[in-house]
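First up is the structure itself, then whatever we jot down about it.
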Amino acid sequence: MIITTTWYLVLAAALFSIGVSGVLIRRNALVMFMSIELMLNSVNLTFVAVSKDLGLVEGQVAALFVMVVAAAEVTVGLAIIVAVFRRKASANIDELAELKG
Amino acid sequence: MPVLTILLALPLIGALTIAILPKSRTEIVYPIAVIASTLPLAVAGYILWTFTVGDPGFQFAEDIVFSDAIGFGWLVAVDGVSLFMIVLTAVLFPIAVAASRSVTDRVKTYMILILVLETGVLGVFVALDLLLFFAFFEVVLIPMYMLIAMWGSENRAYASMKFVLFTAAGSAFLFASIIVLGLAAGDQGGVLASFDFRDMLNLDFSRTTQILVFLGFAIAFAIKVPLFPFHTWLPDAHTEAPTAGSVLLAGILLKMGTYGLLRFNVTLFPEITVDFGFWMALLGVIGIVYGAAVAIMQPDIKRLIAYSSVSHMGFVVLGIFALTSQALQGSIFQMISHGLTTGALFLLVGMVYERTHTRLISDYGGLAKVMPVFAGIFLFSAFASAGLPGLSGFIGEFTILIGSYLSLPVLTVIAATGVILAAIYLLWAYERVFTGPTNAKLEGLRDLNFREIAILLPLVVLIVGLGVYPKPVLERIEPSVELILDRVEAVTDYEVPDNGRSSDIVEVEYGEIEIEEREGGEG
Amino acid sequence: MGELIVFVIFATVALASAVAMVSARNPVYSAIGLLGAMFSIAILYVLLDAHFVAAVQVIVYAGAVMTLFLFVIMLIGVDNPDAYGPAVPAQKVMTWVVSVGLFAAIVLAGRAAWVTGSDAFGTPDLNGTIEKVSDELFGTWTVVFLSTVMLLTIAAVGTIALAYFGTEVADEEATL
Amino acid sequence: MTELLWLLVALPLAGALVNVLFGKKIGEPIAGWIAFGLVVIPWAIALGPTIGFLTGSAVPETIYLFSWIPIVGADVAILWDPLSALLTMIVTGVGALIHLYSIGYMHGDERYARFFAYLNLFIASMLILVLASNYAVMFIGWELVGLSSYLLISFWFTKPSAAAAGKKAFVVNRIGDWGFLVALMIIFASFGTFDFGVIFVSAPSVLTVGTATAITLLLFLGATGKSAQIPLYIWLPDAMEGPTPVSALIHAATMVTAGVFMMARSAVLFELAPVSGAVVATVGGATALLAAVIAVTQMDIKKVLAYSTISQLGYMVMGIGVGAYTAGVFHLTTHAFFKALLFLGAGSVIHGMANQQDMRKMGGLRKFMPITFVTMTVGWLAISGIFPFSGFWSKDEVLAAVFQRGGLWLILWFVGIVAALLTAFYMTRLYVLTFYGEPRWDADVNPKESSWTMTAPLVVLALAATVFGAFNTPARLAFEHFLAPSFALIGESETLSLSLLITLAAFTMLVAIGGIIWSWRTYAGDELPAEDSSFWRRGLDGFGVDDFYGKYIVAPGRTMSQWFSDTADPKGIDGVSHGIAGGVRSAGEGLKTLQSGQVRSYAGGIAVAGVLLIVALVVFGGGF
Amino acid sequence: MGNASFLSVAFEVILVVGALLVLLVAVVFGQDRKVWAPIAGGSFLLAAFSGFLQWRDVANGDGGLFFSAQGLEIFKSPMVVMDGFSAFAAIVLGLVGFTAMLGSWDLVSKVGKRSAEFVALSLLAFSGLHMMAASPNLVVIFVGLETASISFYILAGFVRGDTRSDEAALKYFLLGSLASALFLYGVALTFAATGSLTLYGANSIRDFFSTTVVTKPGILLVGMALMLVGLLFKISAAPFHQWAPDVYQGAPSGAVGLMAAGVKVAGFAALGRIFVGGLISQIDTWGPIVAVIAALSMLVGTTMALVQTDMKRLVAYSGVAHSGYLLLTLLAGIDGMPAMWFYLATYPFMIVGTFAVISTVSGPGSTSSPIAAMRGLAHRSPEIGWLLAILMFGMAGMPFFAGFVGKILAFVAAGEVGYIWLVVVATLTTVIGFAFYLKVVAAIFSSEEENSSAIEPTLSARFAVVIGATVTVVFGIVPWILMDVVRDAFPI
C-alpha cells in the first residue's frame, strides 16, 4: 500500500498535540521549551509533507525559515532560563508565581 | 454672526485665560471667572432679545459638517424649548461662580472646571447633531465629577463616583441608541451614518426597534432627571457637592434630562410616546409624591432639598408626557423656575453652612432671630419652591396640572397632592430651623453680607417677575411646543386637547432649519 | 513497500521519543527524546524527497540546538530536586483532555480531506534538491532571507544583554 | 373712576414692600400710619363706585389689566360688581380700623414695621381674591391670604406654639386648596377658560349635573379650609396664637369669609348641583352646632370667640347651601362688623389685663374699661341676635331661608336654632365673666382703658354693628337689591310671607333671650360654677378632634415617610444599584483567582480556549 | 519599479541600519549616549517619514505588490505589499516607536552599559512589527512576529536584580512561543488547505477562494482558528490575555510602553491583513467567533481592571478591553479598517504616555506601581498630573478625547454590520471603564499630603507624555483631520 500525505499530517498532528501536552504538564522550564521545539518540528513536517503533495517548494523554504526562527528563539530562550536560574537557582516555573491577580 | 459658537466659546476662553495665569496671581482668578461667566449672559441676552417670537422653528442655526464619513457636524440652533434653558444656564453660572468666593483651595482648577462645565451644558442645549449632543451630555460629567470629588464634603468619593456611574450607565444606552439612529439615518441618506437631527425625523423603524431606542433615550434621561426609581444618586451628589456644585447640579444639569426627553423622545418617537407616555408620566407622579414623602423626614437640609427636586422634576415629566399644550409649556416653565428656586435654596444653605458647618436640621433652631434677612429670603424661596401663586414656581406647576388633567386626569389629581406635601416639608423644615428659641450655638452669627444678598437678588427678582408676568416666556415657548404637538398629531392618531389653545399658529415643518450663510466658523 | 516500513518504523520512533520526552523525569532523557524525534523527522523528510531540509534539520537541530539544550541542562544541574515530581492532578487531567481534544479535533476536521489546495502551480513530483530550494530561497524569498539578519542580530545582542552580569550591573541596579 | 381700582391692590402691596425694606429705618409709629393710610386710600377709592351700585347708577364691569397665563386664558383683570364692591368695602374698611387699632396695640414690638407690612400684604391678597375676574387669579389671592395669615399667626415665631400654629394653618388650608385646584382642573377641562363671565353664562349648557356636583364639592372642600368648616376647622382656634388684631382682621372679619365669598361667587355652579347644596348646608349646620358647643366650654376669651367665629361661619355656609346667597353674604357682612368688634374688644381687655386671656382671671372690668365695656355690650347683643342689632337680622334671614325649604331641612333649621341658643349662652358667659362679678385678677395687673387708637375702632365698629342690620329688613331689602346684579344669573327664590317671617324672627329671638337669661343666672353669681365634669374637660380640648387627626393621619404619615427615607430608599431602591456594582466587583474578584500567576495554568487556558475556538469555528463553518 | 521597490521595505531597512549603527557607534565611541541617541530617534522618525513617502506613492497609484527579484511577477508570489494599510502602519509605528523611545529613555539611561543593546533591540523589534503589516506572505508575517516577540522577551527581562523581571520574561517567553507555534501550525494547515502561503498575487489564497468552491473546509477552518489564536494572544484578547498583566507588571516600567503599544498596532495590522485582506471571503465563519472574543475581552478586561490596585496591571487589563473594542472594527471587514486605524493611531500614544508617567512616578526599572503612588500627583507635578488625567479620560472614551471618537467609529462599524448586541455590551463595559479610570483620576487629584514629594520628570519623559496627551486631545477635538486620512488606509 502507498502512504499518502495524510499519514504524515496525522503524525504531525499527533506530535503537535504531544508537544502541547508537554508544555502543559511539565514544570521544568527547559522541558516545556523542548516541547515547544517539538511543536515547531511537527509544523515543519506538515510544511514539507504538504509541499511534497502540492509540488510547491515554498513549503520546504518555509520549513527552513522556521528553523532559523527556532534557532534564534532557542538562543534567547535558553539565555532567559539561565538568567532566571542564576538568581533563583531553579528552573521550576511553579516557583515563579509572584506576579498574579 | 455665529452667535451660538461665540456663546459656547466664551467660557472656554475664560477657562484658558485662568489656566495660563501665573501662580502668583491667584487673587485675580475670582474676578476673571466672574467676568468670563457673565459674558455668556450678555450673549444669551442678545439671543433672547433678537429671538423672533412666534417662529416655532430653529433660529441662530449654524451647520458645518465635520466628517461626511460619519455624518457628524457642528449643527447648533435654538428654538423656544432650548432658548430659556440657555438663558437659565447663563444666569445661574455667574451666580454660582460669584457664590464660590469662599473657595480658596486650588481655586484656579475650581474656576476652570466650572467654566468648562458651562460650555458643556450650553452645548447640550444647543446641539442638534445627536453625536455632538451626546458629546456635550457626556463631557459634562468630568468637571462635575471633579467638583464633587475635589471640593465635596466628607463622603465625596462615594457620591461623585455614584453620580458618574449612574449617569454614565444611562449614557451607555443613549450612546447605543444614538448609533442605531445614526446608522438608520445613514442608510436613508446612502452614507455610512448621519447624526443630523433633521435626518432622524422620518426614519422608518420596526416598532420593536423604536421601542428599544426610545427606552435607550428614556433611561439615560430618566437617570439624569432623575425619574423615580433612578433617583438615588441625586441626594448623595447634591449633599456632598460644594455649594456651586449643588446649585448647578439641581439648577441646570437635571434639566438636561427633561430637555432630552422633550427634544428627542417626544419629537423623534411620537408613536411610542403616545403609547408609553402614561407609564413615564406615572413614574413622574410617583416621583412627585414619593420624593415629597421622603423629603419630609430628611434630617439633612441639603438632602431635603435634593428630594424636593425629585418631586418637582416629577411635575416636569408629567407635563411632558401629558402631551397637551398647557402641560408642555408648563413643563418648560417649571424647569426654569425650579432652576431658580432650588438654586436659591442651595445657595442659601451654602451660605449658612459656611457659618455653621453643619447641615443637620437638628443643629439649628430660632435662626430667624439671629439672621432675619437670611430667614426672609429663605422663606421666600421656600414658598416659591412650594408653588405659591405670584411666584414663578406656581406658574409651572399650575399650568402643568391644568394641562395634564386634560389627558391624564387621575394621575394629575394624585400629582396635585404634591402641593400639600411640599407645604409640609418646607414649612416644617423652616419651623425647625428658623423658629422657636434660638439655639445657643447659633448666637452671634452675622447676617448675610452685601455680596451674598447681591448674589441672591437676581434670583429673587426673577422669581417674582416670572411669577407675576410669565407671558414673555410663555409666548416664546408656545410656538415650538405647538410644533412638537403638531408633529405628534401628524404622526399618530392622538388628538391634542385644544382647550384654550390658540392652535394652527404653526406652518413650519421640522427639518426646515434655515441656515444663515456664513463661512468658516468652528473647525 | 520499503517506504511503508521505513515510515511506520520512524513514525513510531518519533511518537515514542516524543512521549518519552514529555514523560521523562530527568531533563537529560527529555533531551534525548527530543533528539530522537528530530532524527526520525529528518528521516521522514528524506522520504518526502526534501533532502536539503533533512540535512539542515540534522545539522541545525541535532547539531546546534540539542547541544545548547544539553549544555544548559548541565549548567543548571541535572538533578534539581524541586524541579521534578508529579504535576498537579487537575493540570494532568486538563492536559490529557486538551491534547487529545486538539488531536481529535484536527483529525476529525481533516478526515474528509487534508490537502485541499490546488497543485496547478506545482511541479509534479517535487524533489527538494539544493538548487531547487536555493533558487527559490534566493529568488522569491531573498528579502525574507535577508530579514533573518534581524533575528540573528537580536539573538546575539539579546543573549549578551541577558547574560551580562558585570559589576556595573550591581551599581546600576542600585540606582534603579 | 373705576379705572383707578387697580390701586386697591397696588397701594397696600406698595405699603408692604416699603415696610419690609425700610420698616426698620422708618420705625414706629410712622410705619403704622403709612400702612393705615395705604388701606384708607383704597377704601376711599372704592367708596365712590360702591355708592354707584347703591344708587343703582353703576353697572358691573371688568377692568382688564394685563395678560397673565395666556394658554389657560387667565388675564389679570378686576371684576367690579356689587359683591366684590361689598367685600372690598368690608376688607378695606374693617382693615383700616384694625390697622389703626394695631398702631396702639403693637406699640413697642421690635418688629413693629414688619407687622404692618404683613397686614398690608394681607389686605392686598384679600383684595386680589375678591376682585379677581377669573378663578386662576382668585386662586392667587386665595393662596396669598393663606401666606399672610401664616406670616401673621407665627408673627411671634420665637414662641414654638405660634410657629406651629402658623404652619398648621397653612398646611390645613393647603389641603383645602388641593380641592380648589382639582376643581379648577375640571373647570378648565370643561370650559377651556377660567373667566367668570364665560363660565357662569355657559355653565348650564356645558356642565352635566355630575360634573357640576364634582366641581362644587371640590370648591366646597377649599371653602372648608379657608372658612374653617368641618373637617378642616381645626386650624382656627390655634390661630389665636397670633396678635389679637390679626385674629380680628383675618380670623373673624375677612379671610375666613373668603370661602363663603368664593361659594357665593360660584353661586351659578352650586345652583346646578342640588346635592352639593345639601352637603354644604349640612356641613354648615353641623359646624355651627359643634363649634357652639365647644365654645361654651372654653376658658380662653379668644378661644371662645374663635369657636364662635367657626359657628357663625357655619351659619353663612348653611345659608349658601340652601341657596340663600344674599342671606349668607349679609350674615358675612354683619358678622364682619360685630366679630371684629368683639375681637378688638377682647384684645383691649387682654391688653388691659397684661396679656391675661383666661376669663377666670377677669371679672368686674366694666368700671375700669368703660368704652370697651359699652362697645362689647353692643357686640354681645349683636351676635346673640337681639333686636335691633345687626346679628338679629342676618342670622334670622339664614334661618328663615332654611326653614322655608321645609321637609327634612327643618332638622337643619332646628340645629340652627339650638346653635343660636348656645351662641347666646356662651357669649353671655364671656360677657359676664369678663365685665361683671368680683375682680379675680392676678396681683400685679391694674387694668385701665386703652389708648384712643384702640378705642376709636371699637366705637366705629359698634355703630356699624348696631345699624347695619337695618339695611336688609324683611320690610326693606336694600341689601338684596344692592347685590342683585351679582346673582342676576340665579332664579329668584320665592320668599315667605311677612307674618311668618316675623313669627320665626320672634321665636329665634326668644330662644336667644332664653339662652342669655340661663347663662346670666349661671355665671352672675359670686363664685364660678365648678365646670370640671368630663363634658367640660373634653370640650375644653375641642372633643379631641386634634388628637384624632394626630393619631390617625399625621402619625401614620410620619411613620410611612420615616420608613421611606430610612428603609425603602437607601436599602430598597439604592440597594439595587449597590447590588449591581457589588456584582461586577465580585465577578472581578472571582476572575482574579484564575489569574493564579502559574505559567502552566495560563498555558492551559490558552490551550483550552484554543481548542474550543477550533471546535467552534469548525462546527460553525461546517467542517465536521 | 526600482526605488519604489526599495521604498516598500525602506521602513525595515532604515530601522535595521539604525540598530546596527547604534551598536557600532556604541562599541566604537563607548557608552556615550549623547552620540548615538540621535541615531535611534532619527531612524524612528526617518522610518516614519519613509512611511509617509510610501503613503504618497500609494496615493499616486505607485503602490502594489512587490517581489524579491525583477521579472518574477508573473508566476511567483509577492513578499512585500505597499498599500495604504502598510504605509499608514509604517507612519504609526515610526511615530509610536519614537515616542515610546522617549518614554523609555529614563530606563535606557539607567541600564548603563547595556543601553545600546536596549535601543538596538527596540529598533529591530519595530522593524519586525512592520513586517507583520507589510507582507502578504504568512511565513514572513510569522518571521516578523517572532522578530518582534523575541526582542520583547528580552526587553521584558532586561532589568537585572528583580526576580519579577525574570519571571515576566520567562512567562512571556514560554507563553509567547507557545502562541507562535500555534500560529505557525495554523499557517501550515492553511497552506495545506489552500495550497498557498500568500494572500495576494498569483496562486494566492484570494485566488484560491475566488476560483475554487471549498467543499471540505475542515483543515482550512482549523488553520484559521490557530492563526486567530496566535494573533489574539499577541493583542491580549480574552481568554488569551492572562500573560499581559503579569508581563506588564514584571517588565521594567520604562520598557512596557514600547512593547504594549507596538504589539497592539502590529497585531491588529496582521489580523487586518490576514483576515480582512486575505480571508475576507470567510468573514461569515470567523466573524461571529471574533464577535464573541470581543465581547469576552471587553467584559473580562473591564471587570478585572476594576479590582486592580497596581497601575500597570490596570492598564494591562484595560488594554484587554481595548482589544475588544478594536476587534469590533474587524467585524465590519474592509469598512472597519479606517476605524481600526483611527483607534490604532491614537490609543497606542495613550499607552506610551501613561507608561511614561508610570516610569516617572515609580522609577523606570520598577516592577510594580501601586495606584496609591499616583496620589496627589496633581500637586507633586501639576503638568504630569493633568496630562495623565487627560490620558485617562482618553482611554475612558470621554467626549472630546480621541478615545471617544475611536469608540464611536468602532461601534458604528460593528453596528453597521448588525452587531447591535455587541455595541450594547461595549457601551456598558465603557461604564465600568469610567469606574476605574476615574479611580486613577481621583487619586491624581486627591489632596492627601502623604508622599507629597515633588516629582521632576526628565525632559524625554515629559516629551513622551506631552505627545501622548496632545494626540489624545487634538484628535479628540478635530478628529476629522485623521478620519479623512485613515479613510485610505485599507489593504489592497
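First chain written, first letter: the chains are A, B, C, D and E, and each begins at residue 1.
Convention: contacts are C-beta pairs under 8 Å (C-beta built on N, C-alpha and C of every residue); 3 or more make two chains touch, one makes a residue touch a chain.
Computed from a predicted structure; not experimentally measured.
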item: Of C-E and D-E, whichever chain pair has more C-beta contact pairs; value: C-E
item: Chain whose Cα centroid lies at the greatest distance from that of subunit B; value: C
item: Euclidean distance of C-alpha centroids - subunit A vs subunit D, Å; value: 97
item: Chain centre separation in whole Å, for subunit D relative to subunit B (CA means); value: 37
item: Rounded Å distance between subunit B and subunit C, as computed from the means of their C-alpha atoms; value: 69
item: Chain centre separation in whole Å, for subunit E relative to subunit A (CA means); value: 26
item: Overlap residues in subunit D, where contacts from two or more other chains coincide; value: 592, 595, 597, 599-600, 603-604, 607, 610, 614, 618, 623-624
item: Residue list for subunit E, restricted to those that touch at least two other chains; value: 77, 139, 143, 146, 150, 153-154, 157, 160, 170-171, 174, 178, 189, 191-192, 195, 216-222, 245-246
item: Multi-partner residues of subunit C (each touching 2 or more other chains); value: 87, 91, 94-95, 98-99, 102, 105-106, 108-110, 114-115, 117-119, 121-122, 140-141, 144, 148, 151, 154-155, 158, 162, 165
item: Category of the chain touch graph - line, ring, star, complete, other; value: other
item: Each pair of chains that touches, named by its two labels; value: A-C, A-D, A-E, B-D, B-E, C-D, C-E, D-E
item: Residues of subunit A that touch subunit E when the two form their complex; value: 9, 16, 19-20, 23, 29, 32-33, 36, 39-40, 42-43, 46-47, 50, 53-54, 56, 58-59, 61-62, 65-66, 69, 72-73, 76-77, 80-81, 83-84, 87-88, 93, 96-101
item: Residue ranges of subunit E touching subunit B (in the complex, touch as defined); value: 335, 338, 378, 393, 398-400, 404, 408-409, 411-412, 415-416, 420, 423-424, 427-428, 430-431, 434-435, 438-439, 441-442, 445, 447, 478-480, 483-484, 487
item: Footprint of subunit E on subunit B - complex, ascending; value: 66-67, 69-70, 72, 105-106, 109, 131, 134-136, 138-139, 141-142, 145-146, 149-150, 157, 160-161, 164-165, 168-169, 171-173, 175-176, 179-180, 182-183, 192-193, 523
item: Subunit B to subunit D touching residues, read off their complex; value: 162, 165-166, 229, 231-233, 290, 293-294, 296-298, 307, 325-326, 329, 366, 368-369, 376, 383, 388-390, 394-395, 398-399, 401-403, 405-406, 409, 412-413, 416-417, 419-420, 423-424, 427-428, 430-431, 434-438, 469-471, 474-475, 478, 497-502
item: Subunit D residues touching subunit E - in the complex, by the definition given at the top; value: 584-585, 587-589, 591-592, 594-595, 597, 599, 602-603, 605-606, 609-610, 613-614, 616-618, 620-624
